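Have a look at these structures, which come just after this line.
Next come two complexes, and both contain subunit A; in the first it sits with subunit B, in the second with subunit C.
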Partner chain A sequence: MNKEFKVLARPYMVWLSVLVFVPILAMILISISNLNSSVSVGELMISFSHFKLLLESSTLIAFRNSLVFATLTTLLSFVLGYFIAYEIKLSKFKNKFILLTIVILPMWSNLILRTESLANIMSENNILKSILGFNLFGNISGTGVAVLFGLVFTYMPFMILSVYTALEKIDFALEEAALDLGLSPIKKFWKVVFPLSLKGVVTGSIMVFLPTLAGFAIPKILSRGRIVFIGTIIENKFVYTNYNHGALLAVVILFFILGSILLLTKFDKEGETLL
Partner chain B sequence: MKKIILMAGLLSILLVLSACSSKPKLRILNWGEYINDEVVENFEKEYGIDVVISVADSNELFYSKIKSKTTAFDLVIPSDYMIEKMVQEDMLLHLDYSKLPNYSSVTYMDGVEQIFASMTETTLLATDDEIDFKTYAVPYFWGTFGIIYNNRVDGLEEALYTNGWDVYFEANNYFPTARRGMYDVPQFAFAAAMMYMDKNPNDYSLANLDLVRSVLETADFTEWGDDTLKRNVESNNLDLAFTYTGDYLDRLYIQLSEEKTLEEVREEFDLYIPDTTMVFIDAMVIPNTATNLDGAHQFINYLLKPENAALNAEVVGYAVATEEAFDIIMSYLESEDLEKKNWAVANSIYYNMEVERTYYPLTSLNPTDTDAIGTMVQNVITG
Partner chain C sequence: MENKKPLIELKNISKSYDDEVVVNDVNLTIYENEFLTLLGPSGCGKTTILRMIAGFIKPEAGEVIINGKIFNDLPAYARPIHTVFQKYALFPHLNVIDNVAFGLNNRSWEYLESFFGKDKIEKEAKELGDISKKTIIRKAIKNLIYKDSEQALKLVKLEGFKKRKVDQLSGGQQQRVALARALVNKPQILLLDEPLAALDLKLRQNMQYELKEMQRNLGITFLFVTHDQEEAMTMSDRIVVMKEGVIQQLGTPKSIYNEPINRYVANFIGETNILKGTYIKKDTVNFLGVDFKCMGYTFNDNEEVDVVIRPEDFDVVDTDKAKLVGEVVFSLFKGVHNEYEVLVKNEKLLVHTYESYEVGQPIGLTIDPYEIHMMKVEKGE
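Our next item is the complex of A and B:
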């Protein structure tokens, strides 16, 4: 690498080590010790006593909820998002940038604001009902369906963008060749286009799966506090200053995230589809 | 363009100059939007003191800001349980009542006296020290907790006034279809269930934890929320919610400012305060980092004066601590100014001191117990 570039990369490396690596190490230390605000460094002892938290029924259910909802959100985003991305690629519209802009349009407003509004129109009596005279969403506020809807609505743009990037990179000559050699358009899609776009799907899945797995704001608002994600418990632990428990759960989540990244590198060695 | 730069320059010089005026400073650490600026200005004029207010949004932040000693605050306004903790850790100075002449001409409201007594009692139980918290603190505002209910539901109001807590917790016996909401603060849920069982909400034990768990399970809450609770009852998406009285008044004043009458609002949603309920108090204390002791005492003395306390309450919406200040607010019942009149009416209904109630401020539990309650509540929510 060029020497100048090395120097320029340094500020971010410092940033990364001070604000990411050191905190992660601290988190691991806090999760396996008795360190807290009333224990000084001198009395520090390795202790695994917080690990019984992992067997608490609420923790297990929260983990299950996070995993199930993250998986469902990823699957739904893939099924619905892939075809939107494909449509954009096929579109004859000259300025595709505008189409992509429309896809990310919801992100222009604040996430919490969007989710609160969604919770509002999903509840039994809301502003839409008084205008339309009927309930657009039924009364799904507080249910799993509401949470799933909110998650897909929020994170699908990430899937669409990743898949679209991958699709755009496919050489049109390959598709021409496939048609030339006698494949029907449907078969061409399954045998040529889809396999070549898989990298984008994997990247997109990771970008949908991870924030869903670790998130807490959307499920908390849309389930009216009734569906507990692991992120919710971590947030609670930190709010009530039980750093040991919070750090332990955060470390467990970290393992899931590392696993997903390993999966990513397996599929995408050059990291080229990563946005 | 040059003129603008000149003006900007002059302005900034003025700002800098005014900032380094030679007046003595009084550094106050307060909650956000919790003081009437008019009161501060009047105080500054009268005593020639420069009041600097910093803001924090939790008691824990108050604690760490005093503990870290980065800024020497002269006056802090934490809540009950934090004052207990600060006294136990020797972070507060005794008040010099000879510098508080206004104290002798006021009477604390009954609820306030109960809070002080309860703080002494819980501290005695926890540490064997008998502390008179009045020697450290002068109350600023206080407030109760209550149940906001949806008055569009027939019979709910009557049932609440006849059966109290039972209606809120016994979903099997009363209004099985009512949508119930609870604050998602575990200790609030624990305390509410304890009061329903006629127990002291600060009396934590494993046996009580189990009892509370089954009570919370029966209640079958539709929502575990925070600020969302009051809005959902208001919009007919929830029927019963346990919240701060201030939460209700907040929505009430907003509705009143939108041209509704008090009766109209109360027909839609109203507040019921149980005979036994939780309360909080925020009180003025002087941390041992204070440098301007005279200024701090002058300020406390200034706010003890009923007129100033009432003026301060105009923008805050919690209850004043002295009967004299309350009487001033009551004098607005006949006021021509509709806003003031509504404020007085709301105070007379929701902070009525004629009604005898049992008030419990929450104490700060030790971390293990807090954690056990938190886990219990999470287990109830996840089923």
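Our next item is the complex of A and C:
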């Protein structure tokens, strides 16, 4: 690499070390220590006794919830998001950038605010009901459906964008070649378009799966605290200063993330679908 | 050509994009087993015609008739036609052999049964086991597809490349795979859309001969689109020269080269000299102030005509025996022959000859009567 570029990269390297590598290292160290608010500095030592936390049923249920909801969210985002991305690609609309902007428009407002509003219109009495005269969502606030809706609503744009990018890259001549070789339009989709857009699907899935798996705000707000995700537990552990417990669970999540990224690099060697 | 069966007939077809007419009332008949080339500069409508035959575009007016049936509304996938695309359009997610087998792999059971013939399938199935079982028949058909695909790869000289990914192939090899992918389906008509444009000169020349050879051996009608007149000359049985959506001339390479119908065709097909002349009387034409004997043309006496003389049709002679005497103003050694620009009465002539002259030397030229070609003067010039 060019020498000048190396110099330019230095601030970022400092940033990366101070705010990413050091914290991760600290988190790993804390996860194998006995650090919590009742331990003074002199008593600090390596400890594995809190590892039993991983087998507690509350932890396992939270992991299960996170995994189930992350999987469902990813599947729903894939089915709906692929359809929307494909429609955008097919649309004759001149300025597709505007369509894509509409897709990401909700992201311009604050996540917590957006989720709180969603929880509000999902509850029994809300402003939307007084305008429409009926309850659009029924009274689903606090249920799993509400959480799932919120997660899909929040993370599907990532799926749409990455699938759309992959679809746009498919040379139209390939589709013509498929028709020319005798494939019906439906067969053409399954044999040419879909396989060539898989990279986008994989990237999109990971971009939906990871934040859903590790997140805590959306389930906490939309389930009214009834459905516990692993993120919720980690947050609580840190709030109640059980640092080693929180760190341990965070490290486990970290392994999930690293595994996913490994999967991604296997599918997408050039990193082209990551924009 | 008269006794040949017409395979594709285009009747008064037209197509325009945003008020710009790209194909204007074209009539064309393509016969069985011929190599027909659509030749013209980009934007002359040749690719549009090809795409209308392939079924990617619908003509606004007129009829596309294939095997006597009107094909206007038939979608591309239902036509017995395959295309070799300009940029090959190979499927990047499949390897070479799967690309070739792609068309057949996605055909229906009934289609494949009539494609291979029941006997052939049963014969293949017998080697695999119980022919009453559906799975055995299916396996037999798969085997036949891949046997044919390998055969097609062999035809384009790529036997060893079966398992390669398409992005590991050179341009020429990708071209061959594209060709095999179309040919394995045994189409009646193969459409080729400037397939050699992206190849380097040597490779292009080799492919020209191979394509011609293949067309002759396989007995498939080739409809070839190109803007390269040399390519068209080398391969075609007949050439269609187009300009702005209209057919200018249709004929064998020889007739188009020797008897271009107008200035446009004459200029497009190779280097040439076009001179203003007067048709004095039968078998006599005057140009560059000299009367020449000519033959085979009839115009009105004293009518203005355009005279076409190919650079290689001049005979270089001693100045005292010459009909035209000029001065060499530019010379270029071209390997086989020398190319000269000769100034005769303020008119620059392009002359090819084996004799060598220096710039500034006088040179004498004559022309045989049968080498003088004349065209009606076009209006508006």
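Heads up, the rule we're going with is that the second predicted complex is superposed on the first by the 265 of 275 C-alpha atoms of A that agree within 3 Å, B and C clash if a C-alpha of one lies under 4 Å from a C-alpha of the other, contacts with A are read in each partner's own complex, and residues count from 1 in each chain.
As a working rule, a residue touches a chain if its C-beta (ideal position, glycine included) is under 8 Å from a C-beta of that chain, and two chains touch if they have at least 3 such contacts.
Remember, it's a predicted structure, so these values are computed and weren't measured experimentally.
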item	value
Clash or fit, subunit B versus subunit C on superposed subunit A	fit
Partner chain in contact with A:T265 - subunit B first, subunit C second, else both or neither	neither
Partner chain(s) touched by A:S57 [first = subunit B, second = subunit C, both, neither]	first
Subunit B versus subunit C as contact partner of A:V192, first or second or both or neither	second
Contacts of A:D171 with subunit B and subunit C, given as first, second, both or neither	second
More subunit A residues in contact [subunit B versus subunit C]	B
Which superposed partner A:S141 touches (first subunit B, second subunit C, both, neither)	first
Touched partner set for A:D180, first subunit B, second subunit C, both or neither	second
Nearest-approach distance, in Å, of subunit C Cα atoms to those of subunit B in the combined model	46
Overlapping contact positions on subunit A, where the subunit C interface meets the subunit B interface	none
In the complex with subunit A, residue positions of subunit C that touch it	54-56, 75-78, 81-83, 85-87, 89-93, 102-103, 106-107, 111, 181-182, 185
Interface residues, subunit B side, partner subunit A - complex	60, 184, 186, 221-225, 228, 232, 235-237, 367, 370-371, 374-375, 378-379, 381-383
Subunit B-facing residues of subunit A, complex	36, 38, 53, 56-59, 61-62, 65, 123-126, 141-142, 221, 224-226, 228, 233, 236-237, 240-242, 245
Parts of subunit A lying in touch with subunit C, wherever the complex brings them together	171, 173-174, 176-185, 187-188, 191-192, 195-196
